[in-house]
Every structure is written in structure tokens, then in C-alpha cells.
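In what follows, chain A forms one complex with chain B and a second complex with chain C.
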Partner chain A sequence: MTATAEVVTSSSETASRENIWRSIVREIRENHFPYLLLIPSILCFAALVIYPLVNTMIGAFSKTDTVGRAVEFGALINFRELVRDRYILNITIQTVIFVFGSVALTVVLSLPLALILNQRFPGAALARALLLMPWAAPLAISAMTWRWIFHDQLGALNYVLNTLNITQARTAWLSDPVLAFICVIFVEVWSSIPFMTIMFLAGLQSIPPHIYDAAKMDGANAWHEFWDMTLPQLKRITIIVTLLSIIWAFRSFNVIWPMTQGNPFFRTDNSVTYLYKLAFRSLAFGEGYALAFATFVFLLIFSVVYTRVLRSEEG
Partner chain B sequence: MSVVVCKELVKRFGATVAVDHVNVEIQDGEFMVFVGPSGCGKTTTLRMIGGLETVTSGDIFIDGVRVNNLAPRHRDIAMVFQNYALYPHYKVFDNIAYPLRLRKRPKAEIEERVNTVARMLGVQHLLDRWPRQLSGGERQRVALGRAIVRNPKLYLMDEPLSNLDAKLRVQMRREIIHLQRNLGTTTIYVTHDQVEAMTMGDRIMVMRAGKVQQIGAPEVLYNHPANLFVAQFIGSPAMNAFKGRLETDDGKIVVATEFGRFPVGDPLVARLKPDRSPTLGAREVICGIRPEDITLDDAPVTPASPQAQVDLVEGLGADAYVSLTIGGTTLIARTPADCPPAENQLVTIHLNPNKLHLFDPITEETLLALP
Partner chain C sequence: MQRIQWFKWLSLVLYGIPMLLVLVFPFIVMVSTSFKTLEEVSQIPPTFIPRNPTLENYREVWNIIPLADHFRNSFLLGVGETFLIMVLGVPAAYALARFRFAGRQPYLIFLLVTQMFPAIVVVLGVFRVVVALGLLNNLAVVATTAASFSLAFCIWLLVGYFSAIPPEIEEAAMMDGDSRLGAMIKMTLPLSWPGLVAVGVFAFMDGWNEFLFSLTFISNDEMMPLTVGLFRFISRFQIQWHHLMTGSLLATIVAVALFMTVQDKLTRGMLAISEK
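The block that comes next holds the complex of A and B.
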């Protein structure tokens, strides 16, 4: 009885699978030109995304040589090494604080900025253009500039603070572990604000304006309009933009590396700068692969859970 | 329940004058319709009364209180928008409940009132849906529900039926009238559809280019239009209009036109405004006649009676519209559909002498006083 049932389901399953393949093949045969045009992009995607990804996965579960090649299957050996690493716990905590701290701060600063820029006032267009300034230079170069601004002897920040008599000391911004960590978060936030603000602006501009009229007639004041109309309407874009920002912050390299290289004493490292050190300084490529793979898996799970949870109430 | 008064109301958008010195008084419990062609300032007037648009000059009073600078939330007015303006991020229940939530009503009361209103409008099975999952007619009802869930002083409705199909529109028209009669709340209803205006309004205000043309009950507008614009805007097909001249034949006043001389009924002569009465011999006028006041017959033609050629007959079931040409003028007549004339046939036309409308050819104002 059970056996027959199984046979039936599996045969119908293979049948439907075959149908899918057949319909795909038919689709390609009938419409081959568009698919032909897709081939270059698919090849690029494979070369630039799939290959490194697969390579990392293989490397994470292999023993590696000093130039990063997988030499033999190593099961979980790299992960065991990683767990035993004396810095890994700190690095994990720092990464999490760096990511969620900078994204939260970026949201908190970008939303009011977007609300202001969404108003009509003289110079609004100029203000919106100025907003894009942090994007004018490559991030690595801006981060380098910030490193000089924070320099204890030659930096503009100390110069201004001392001249205005706010502080007398030459504060060692990037040598003190806590201050340095705050500084890299600051620069990360500074560099992320334009994108998030523009996304919020786009979100604000796509809110149907008449719902504010309706709310006013229903008895809403400015606070209600913001709380009951604007915020819920921005929910979707906020979910997307925070998810993207979290993923990007997890992979952030171009702020920390030019500014501190993770110094002092690995206290400003995140997982990416640390895995870079593992691989290229300690030549522990396997561990580096393992850390990269772990980050990848974490982000994948996180993305799925995050979108599921935040979207669950919507039908 | 309230009285709305607009005094010399003006709204300018830059150089455009959207609303031009509007004076109107809306009575307690009245169903007032603003009607006029697109862009004539109906919506703008309504939005000023609601407080969504600032007033350039003039005053608005609600129950004797000047409200020009009062925020909408302090005016206690509910509005139904042309595009419904439902809150997309709230389910139907919360859409209707929102005005009550803002007023901090207890939960049980909100629940009860939303349910009552939903039953009244036949949307109780939709309360758990999102607005995007509703049809146009259902959205319409929800928008109405959101307005009537509280008891405001005044309803403002901006073309609420314009997105519905013809059948649903007729049905919703009745429902809105029914609702308003039951609630007895003063209502201002905007439409550009004169049929809607005629069937729904206790009184109608006709607007054109920001200016009020006439305010009155539907019958008054239909039978005694104040000017040519109102005459031709109200009624379908539009009133026929042609040039003429008031003259006398044997002491009787007639309109002499390019295509014949038509007697003017005594009741009309009596109503000719004194300063306008023909200092006989030559008074140029524009003469109007509604399609149903033209009768046709194919009786043997006498040389004296004006003859028209039938161009087109459009049957509508009970009636037929007959397009006629007579001496370069096109007229439309409405006849019973059972014996319409044939196309290309020659017919004799009779204009009902008591149903003529006479307008000044320059100002286009009526020459007839109200009876």
C-alpha cells in the first residue's frame, strides 16, 4: 500500500520535473535570441561570483598550502582552528557591534535628513546634491583622509579642538582602542548616510500624498501623520535598506583597513579585516576560508529570518 | 448638523484664479451639489472648506464661526476623496477605525461602531482585507464608511462615484442619498456629472472658471437657467440655442429666426424683465429650447411652417433623439420612440411657446424673471 503510494508520488514527481525541463527547453528553443543575449552576463556572473564562492567553500573544508590552494580534504579542521583562535571571540563581538551600531546610527541620522530634504525649501536641490559628496571619492581614499583628520599630532580634528580650547590634549583618536573603534564606526556611518538617505527620500516620494489629506480630515496632527502614515509607508524600504546595509557592513573593509588596519591589538578588526590578516599575514588560508564561509552562512540565514520576521504581518 | 457660509471666497494659485469670489450659503441638513466642467474650481472650493487649502481672500464660516485659519482636525468635517485615499498600510477595519482611534474612543466602542457601519455599507465581510484587495466599488464603500463612522458636522464628497461603472454608480447614488437622509448631516457633494447633480442635490451650485453661475434647486436650474451656460450644462442632450430677434406680429411677440417666426407664450412675455422688454422692432436675443419642447409632425406642409430635414435618429428605448438641420442650424428634438421620423425626411417643427428661453446675446444672461 505504502509502497505503491510512494511509487505513484515519485513517478508523478519525476513526471512533473521532466515537464519543467521540457518546458524550459521548449521556451529556450522558441525564444532563443533573448537567452543568447543573456549568456555573457551569465558567464560573468559565474566567473566573478560563483567561482570564488565555490572556491571558498572548498577551501573552508580543506587543508591549504601557503598560497591558498586546497591540497587535501580536511573536514572541519579549519573551523576547529578558528574556534581555538585567541582573538576570534573579540572579533565576533566587535563585528556585531560594528555592524549593528553603524547601521542603527545610519538609520537614526538618515531618516530625519531625508524628511528634511523632502521638504520644499530654497536650496533643497543644492542640499540634495551636497548629500552625495561622500560618494565623490572612492571610500578607501576618504577613509585615508579621515585617518589624517584623526591623527593625534597633525590631524585637523585635534587642531580645531585645541584652537577652540575645547580640549588641551592631543587626543590619540586612533591609538586608543575604544576611541579608535568609535572613529571607525563614525566613518562607516558617514559613508553610509548618502545611500540610506536617498533610499528614504525615494521612499518618502513614493508615498501617495492624498493619504495625508485623508489623515488630516480624520483628525490627525503632524505627529500622527508621521507616526501613522509616514513610518508605516516607509516600512518596506526600511527593511530592504537595512538588510542591504547590514550585509554591506558585515563585509566592510574599506573603512577599517585604511584607517587602523585593525589596530591597536586587533581591537578595531572586524571579520573581514581579520580574515585578510589570517590569510595574507599568517598565511592561514584555510582558517580565512572558514571564517569567510561562516560569515556567508550567517548572512544567508540572517537575511532569510530577518525578511520573514519583519514581513510576516503583511498579507 | 451645520450651516456653511462662503463669503467672497477667492483662491489663487500663482496667476491662476481657481476660485473667484464665491458666495454660497449651505443650510443645515442640506445636500448641496457643486457641479461644473473640469477645472472650474469645485475641488478647490471643497478643499478650502475642509481646511486642506489655504484661503487667498474671503471668509468661510461654519455655524457662524470663521474657520479660515482653523486646522482641518479642529473643523470636525469628514471628507470622501475622488481617489478614495484609503490608507494602504491599514486593513479595511483599521481604515474605518482610524478616525475613532485618533479620538481615543474605547476599544469596544470602536469595534462596535466599525461593525455597524460595515454592515450598513455591506462591507462586513471585507474588514480583514487590505485596500489593494478590494474592487473600486468596495473601496468606495470603505471610504464612505471611514467618513460616517464618526458623526461629523459636515460631509464633503469629491466626485466619489466617478470611478465606478454606470450601474454601480446609479446604485451608490441612491445609497448615498438614502444615507444622507437618514443621518441628516449637511453634505457638500462635488461632481462634474449633471445627471448626478440633478438626481442627488437638494440644491445645486453651478460653477464655471471659478465663478458661481447659479445656485438653486434642480427644477429651478432646469426650468429657469440664469444664463446660457447653465441652460446648456444642465440637461442632456443640451438645450438648443440659436440667434433670434424679438418682434411683433399683430401685437403678439414672436421670435424671428433665420428659419421661421415662433410665437412667445404670454406667460413668458409677462416675465420679460422690464428693462429688457423689447422696445419693439429690434431686440437681438439668443433663443433656447430643450429637445423635449420641440414637436415634429409630418403633416402636410403649409408654406408658412418651418421645415427641417432629419439627419439622424438615435433610439434610446423609450425616447429617440432626432437631429435636424434647418436653414444652417442644427437642432436636436426628443420624440417618443414609437413613431420616429425617418432619416432624410422633411418634417415641420413646433417650438412650445411657453418653454422658450431668452438670453442676452452679449452677456448671455437670461431675459426672463423667475415666475
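The block that comes next holds the complex of A and C.
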């Protein structure tokens, strides 16, 4: 710890910092028009994305009071609190099943639907319009409608099941923890199928038809055609669309909250609805910040690894 | 060939049609419930096609819920968000599509990273400020936070539309003595009009369908948009499903009708994003 060493490092640091500043300034002076155009959006992001994010990070590592103010920085108390939370293990497991379960189901259900809708048949335009309805409709309102459909005595689902003689029971879908959890996943899948299908459909339509010609001459059957030619062509779009879907499912609030608000007994909560409860019902802002921070870091790492692995596989 | 035809019809009947039925099922239920009387709604077993169809709900619902206020508020959120997305997003997207500059790649990556955290993080981060400034129950605040949250995605969409327009057109205009800005306004903006409309409608729908920000920032009945107003309606009273479904249907029709006008352009824009 000598004074001179410190001076040396700091002076060389200032020098390099000056260089960086100078090159930034030069870049902006020579190229100012695009930067000018970016300013409005940068200001907006700074105020309403970066500022809250930084706020959340500071809050995650601080003691907070009941209105969410950070009062003492540098504490891991929130994370300790989070780990000790009696629901957090369940919430984590539920979030993971909710996200990966719903995305996997959406892929499995959407691909065949896209293949079917890619055919020519009368009413294809109508089918496409119907397909898009769940995507266009306000999700919170659709979720409330599903809540009505799942109603035990008056709901349409039990009515359909009873009429088709599948069961005579009047199942209370949203009161049983396991059934309710299946129901919220179902509605999440319902709401994600249109986007996934329409992307697969667009991907299918962009496959150049001539790649099938050679296969036809070799006498390949339909299954081979699909497995060896169609699927590889869809790989790229599948990677991006699943990544987007996973991120969106992690952020999902508008399905669970209107349907169950996490009930019964926190068994349909995901991390977002639980976070909402922590902050606005228990006023445990500190713990909420910690959970928000953990979710963000997880998603960031996941996205980087996911794209790296799949891109490298692509070669 | 015969076998392929046969398979095609079979898959359509066995999978395609049932799937589509499930996808539109809630909307069918909305329509059916909205034509029922209170008696019929609370009858066990329920009916599917209303036995005594009535238009009464469509008249009553406006008095039972401040539905007209909710409609106005949703509309304002939609318009506000469209306006903000256009003002903030169009210049940024144009810069990212037309110029190669040092900050370009980092900015594009930054846009992607903003997608990684849930909206609730923004809510938590700004809630205290909104309360401190006395901005609860303010639709402009909701529109702005919601817009900033979907801005990144809209910029990505717009970059795609602008990139599709050859820069040579602008260069020609600049040769004729137009400035860069003039060339952009005269040549590129009119040509990318369909894309701009698509993003504008997308932004409007995002505002119209917004739920979380309104739920946390608005507590006053008269200031609530449709989504939150209808949600409060079910948590406050004994649920009157026939009124709820009537309001839901009206709110949904607007969003779906708008979406159908631009869906083709929009899906192509999203495909363009995923190809990058």
C-alpha cells in the first residue's frame, strides 16, 4: 500500500479514461445524427427502465421500510429472509414447472396445428383469424372468462363434461391446489398457442419448395420429408420463439392473478404474483426486491447460456 | 397422392378443428352468457344456448359498472401509448436501421436485455416515486410506464420495417438537395407506412389490454381501464357473470377487430425479428 503506486495507477487510469472519453466524443461529433435520434428513447429507458432496475438492486441489498425506502445499504438480510420464507421453495418449483411446462406444451401443440393450417382447404382464412383471437383479446379479461368456465356449479366446462358423459361430478377446478395449478398452465398455453403457431406457420411458408424436389425423386415418404427436411428448416425460428416464450412465461401475471390470485394456499403463485403479494400485501418490499433481483439474474444467465448452446449446435 | 389427401382431411377433423374450438371457446361462452338473464346464469345445470335470449344486459351493464368511463380510460391508454411509442421509437429505430455507429450493437443488446425482467420490477422500482409525487390515479403515468416497457419490442419491429426500404431512395432525394431529415420524412416514412400502422395498432392494443400497471397505480373507479374495472367488479360484489361477460365481450371485440386489420403485417414483422 504505497502512496506512489496509487498515484501511478490512478494517473494511468485517468489517461486511459481520457482516451476513452476523447474517442467517444470524436465518434459522436463525426456521427452525431443517429445519436440525436436515439436520445428520446434513451431518456425514456433511463427514467423508466434503468432507474427502477437500479432502485430494485439497491433495495435488494438494503434494509427497507414499509414503503420500500432503502434505509441501510449493504445487507444480505433480504436474501436471508427470502431463503427462510416458508413458501419460497414451492414458489420456485411452481414457477419452473409453470414456465417450462407451458412452453413445452405450447410447442408440442402448435407445431402440428401449424402443419395443418399450412395446407390448402376451404375456410383457411377463417381458421387463421380464429387462431389469432386469444392473442388479440385482453388476456386479463380472457383469464376471468376462463375462471367462469371453470366454475364448479355454473361453469361451461363441467357442463360440457357432464353432457358428454365423461364425468357426472361437478369438479371444483380452482379450489383444488393441483387442479387449479393445471388450470392456470392450461390457460397460459391457450394464450401462447396463437403466437407460436403463427411463427411456425410463417417459418413453414418461408421454406423454399425446391428442397423437396430432390427428395420426391428419391421417393422419400412424407414422414422422412417432415423429419429430415422440414424440421431442420424450422430449427432457427424454434430457438428464438421458445426463448421469447420462456421469457414471457417468466413474466406472466395476467393469467394467474385474474384467475386465482395464487390461491388456494399460494399453490398457483408464480414468482411474479408472489412478488406482487410480498410488496403490496405484506409490505415486505425488501424481500420483494431480492426476489425480483434473483429472477432477473436467472433470466439473464439463462438467456445467454441458451442462445450460446443452441447457436453453437447450429455450427 | 390419394393417401396424402386423406391424411390431410383426417388431421384437420381430428386435430385442427377441435383445437380451434378450444381456442375460441371463451369467446363463445362470453357471447352465450351475455344474452342470459340472471335467472338463467344461476341455474343448475347451466344452459349453453340461452333459452330466453335477452339484450337487457347490454343496456344494464352501463349503469352497474362505470363502463363508459372504463372504455374512455382504455382508449386513452391506447392512444397515449401509441403516441409515445411513435415519438420515442420511430427516431431510434430509424437510426438503428440506417446508420452503422459505435453504439449501435450495444444498444440493440440493451433492448434485448430490457425484455428479461418482469413488469413488476418496474412497478416496484417506480411505485415509491409515483406515490411521493402524488401521481396515483393518473392515466398518463400508466401509459408512460406501459409504453417504456413495450418500447424495446416495438423498436425491434420498426427496425425491421425500415431496413426493408432501400437506402438508395433516400440517397436519390439527398442528391436532389434534401437534407437527411427531409429525405427520411419525404421518402422513407411514407414507404414504411404499413409497418408504422402495424406498430401503432400493436401499441394501442398493448395499452388497451394493459393490466398490471393500472392495477397498482389506479385505485379510483372512474380512472380504471376496462381490464382492471372488470377485475375489481368480480372481486367486490357477488359475481354477476352475465354483466361481467357482457362487458368482457365489448372490451374484447375492440381489441380483436383492431388486431385483425394489421395481423398480417405484424406477424411478418415478428418473423423478421426472429430471423436476426
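The rule is simple: the second predicted complex is superposed on the first by the 279 of 315 C-alpha atoms of A that agree within 3 Å, B and C clash if a C-alpha of one lies under 4 Å from a C-alpha of the other, contacts with A are read in each partner's own complex, and residues count from 1 in each chain.
Just so it is clear, contacts are C-beta pairs under 8 Å (C-beta built on N, C-alpha and C of every residue); 3 or more make two chains touch, one makes a residue touch a chain.
For clarity, every value in this text was computed on a predicted model and none was experimentally measured.
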Combined model on chain A: chain C and chain B, fit or clash: fit
Which of chain B and chain C A:138 touches, first, second, both or neither: second
First (chain B), second (chain C), both or neither touched by A:208: first
Contacts of A:280 with chain B and chain C, given as first, second, both or neither: second
Which of chain B and chain C A:233 touches, first, second, both or neither: first
Touched partner set for A:259, first chain B, second chain C, both or neither: neither
C-alpha centroid angle, chain C to chain B via chain A, nearest 10°: 80
Touching partner for A:224 - first (chain B), second (chain C), both, neither: first
Broader residue contact with chain A after superposition on the shared chain, chain B or chain C: C
Closest approach of chain C to chain B (Cα atoms, Å): 8
Contact residues of chain A, present in both the chain B and the chain C interface: none
Residues of chain B touching chain A in the complex: 47, 50-52, 71-73, 77-79, 81, 83, 85-90, 98-99, 102-103, 129-130, 133, 146, 156
Touch list for chain A against partner chain B, complex: 208, 210-211, 213-221, 224, 228-229, 232-233, 235, 315
Contact footprint of chain C on chain A as seen in their complex: 24, 27, 31, 33-35, 37-38, 40-41, 44-45, 47-49, 51-56, 59, 67-69, 109, 112-113, 115-117, 119, 121, 127, 129-142, 144-149, 151, 153-156, 159, 162, 190, 193-195, 198-199, 202-203, 206, 222, 236-237, 240-241, 244, 247, 250-251, 253-254, 257-258, 271-272, 275-276, 279-280, 285, 288-289, 292, 295-296, 299-300, 303
Residues of chain C defined as touching chain A within the complex: 4, 7-8, 11-12, 15-16, 19-20, 22-27, 29-30, 32-33, 41-46, 48, 84, 87-89, 91-92, 94-96, 98-99, 101-104, 107, 110, 113-128, 131, 144-145, 147-149, 151-152, 155, 180, 205, 208-209, 211-212, 215-216, 226-228, 230-231, 234, 241, 244-245, 248, 251-252, 255-256, 258-260, 263, 267-268, 270-271, 273-275
